[in-house]
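Before any comments, here is the structure.
Labels A, B and C are assigned to the chains in the order they are written; within every chain, residues are numbered from 1.
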Amino acid sequence: MTEISLPRIAVADAGPKAAPSAPFIEIESLSLFYGASKALKNISVTLGEKVVTAFIGPSGCGKSTLLRCLNRMNDLIDSVRIDGAVKIGGHDIYGPDVDVIELRKRVGMVFQKSNPFPKSIYENVAYGLRLHGVKNKSELAAAVEKSLQQSALWDEVKDRLHSSALGLSGGQQQRLCIARAIAIRPEIILMDEPASALDPLATARIEELILELKKDFTIVIVTHNMQQAARISDFTAFFYIGELIEFDHTAKIFTNPAKKQTEDYVTGRFG
Amino acid sequence: MENHFEMGLDALRQKILLMASRAETAVNESVQALVQRDYDLALRVREDDNLIDQFEVEIDEMAIVLLTKAPLASNLRLVTVAMKVSQNLERIGDEATKIAKRARDLAQEPPVKINLDVNRMAGLSLAMVKEALDAFVHRDSAAARALIPRDKEVDALNKEIHQQLAQHMMANPDTIARCLHWIVASKSLERIADHAKNIAEEVVFLCEAQDIRHPAAKAAGSAPG
Amino acid sequence: MNKIQGRHFRAEKFDFWSFFFSGLTGLATLLILGILATILINIIANGCQGFSWHFVSTIPKKDFFDIKTTGVLPMIVGTTFRVLVMTIFVIPVGVITAIYLTEYAPSNSFITRIIRAAVNNLAGVPSIVFGLFGLGFFINFIGKNLDVLLHNSSAVWGQPALIWASLTLAVMTVPVVIVATEESLKAIPPGLREASLALGATKLETILKIVLPQALPGIMTGGILAVSRAAGEVAPILFTGVAYYMASLPTHLSDQFMDLGYHVFVLSTQSPNIEQTRPILYATVLVLLVLTFALNIVAIIIRSNIRRKMRSLH
């Protein structure tokens, strides 16, 4: 075979594969059923460590469901059944010896609607630490401060750590939820449309925060906002009706997607 | 917290500056080769043009990735203007190549005995390029606006040189081939000044969001908004 | 007078039905308020005559129909005790049942629906039936067997007692607590549970640390309703613990006790001279009302304290 030079923007052949840097989250032919209906169809994709991966796709495409497979939040729903495997750092998280509590300690989550506990700002961040047995006061205080610093909230709340978290603005509440998630030093942070309920300024702050956090954490984010995916993610996966249509570098997905469905979706021509 | 999008814009700006310094060097060296009849230098300028073309491609790629992130207002203008500036710089590089080509040919023949003010014209054009880019970097629309009329000076110089050369050709028909080389080189310098003016106009658009190109067409069109 | 601006927004035609129904609902409300006011004014006006410090602080002699010497201290103590003891039982049982129903029981399963139906039916059972149930189950079954086991068959628990009356009331009021708690548990945003679970909390930790503190005001509401209902009930305690007369205050859970509600009944049916007893009767009713209000108000104050705490700190 003769050598051929690749074009500048490498055109990967069709199909979701393009493995990023170091494989960290390996999803292997994963299918998920709600009762009899199949919500995820045989999904295989490998996500890299310390990068931001965005899940995009129309509502009901299964992207949030897949996200919730990564910390087994779907376990809470009785009718859910799962086929296939999800490996994090090489270990199958659906294996028989897996401690779900331990898993959720390693895989944190931030939700669409900011959901701070009706406790003080300090207690919100300390909650996970206390759960996992941190009792030493100075240790707690240091960890709380570090998490609030990292979530760019410290300067705004340092003088009122012991007042209610519900007094914060929507954007601050969401950053508090991020601080709460990172306080227990997870390896992965799952984010389910974390900025969809926020105004543009608060959204911009969350996006900046995500770009900062990827230095220390692996981030998987579900978003309906194409530009948000383009701004913050390194890799993007496009889902449609329970199937992974395309997975590639974000720049590739948004400038030259391989599949027509992806093109139609990102250009807003869908349906 | 630093803004990651701003960092992307900065990288784009840096890239344009690198490209601009390349283009300036190319023009400088091509004029030097022309005036000092330096054959090797002329060849080198032509080879280096690849680098400038490469810059244009890279800047376009960076700009497209930035555009996927949906910049707005002045950021949006900056990205689109950057693409146009890089295009003009690429053209400036092309003109430098043309000059170099003529310099190469002229270097192999005996010099034409005529006193042309090519150095001054080259100086003027290069100054315009340099100042247009300074205006771009500093977002200085006043400087950009001040630059635009200076294109006329270069045009006038070009005309002058053309006339000189035409007279010389009529008097010395054996130099026609060489004089035509000079005419082309002079025209290229004049085009470089045009590109500098284009860049200045883009800078005004960048700063003031106001398109000052083609005032006549604007008035005739008078579209709403 | 410039009313032109307003007129444009008013209905052109006089709307009879709208007038009719707003009038009807208003009248109904007035009627209720009127009845309530009549009762209250009647009780307060007549009750004040017999009401005195001596009246509420005296343990009466056997013949308590004499306005000059009688008092209601044992009845106040008895009613308060039976309500408090009931609360101690009914809140945990009701809350735990509600937690089971909302958090653990598979929703809509057959068993869950049976439990729910049972709880709802329990609320509809006449209170005298609870009294008979208390006699049969608590005294004759549990109490008698306890005596056999612990006291060599001498009657200690196998007779009417404060504890059995309180437990009977607890059985009667437990549906109120269950329903109120369930409602307040359901009102907690599911996002809070998810957030806690996603941080690696177990279900139990989530319920104890996040759900229950949030549901506390709702649980308190259930408690208040239960207390209100129980304080005035006489029928359930009739066979299970109340005494016609006791010379001393109850000191032990196995003691019998006197009760304000039952005392009202006694005064109005057993008195040798109705006219002479009437002021005592009114004063006793007034004391019962005040006591019920007081118990309610204490609970309401505690609840609003919890609410305020939740809103400001923690």
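Here is the rule we use: a residue touches a chain if its C-beta (ideal position, glycine included) is under 8 Å from a C-beta of that chain, and two chains touch if they have at least 3 such contacts.
Everything numeric here is computed off the predicted structure, so don't read it as measured data.
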{"item": "Any chain that touches chain C and chain B", "value": "A"}
{"item": "Central chain (distance from its CA mean to the mean of all protein CA atoms)", "value": "A"}
{"item": "Inter-centroid spacing, chain C versus chain B (mean Cα positions, whole Å)", "value": "91"}
{"item": "Intercentroid distance (Cα basis), chain C paired with chain A, Å", "value": "50"}
{"item": "Residue numbers of chain B (touch at least two other chains)", "value": "none"}
{"item": "Complex interface listing, chain A residues touching chain B", "value": "8-9, 152, 207-209, 211-212, 226-227, 230-231, 250-251, 254-255"}
{"item": "Residues of chain C defined as touching chain A within the complex", "value": "106, 189, 191-192, 194-202, 205, 209-210, 213-214, 310-314"}
{"item": "Chain A residues touching chain C - in the complex, by the definition given at the top", "value": "71, 73, 76, 78, 101-102, 104-105, 108-109, 111, 113, 115-120, 123, 127-128, 131-132, 162-164, 166, 177, 180-181, 184"}
{"item": "Residue ranges of chain B touching chain A (in the complex, touch as defined)", "value": "1, 3-5, 57, 61, 64-65, 68-70"}
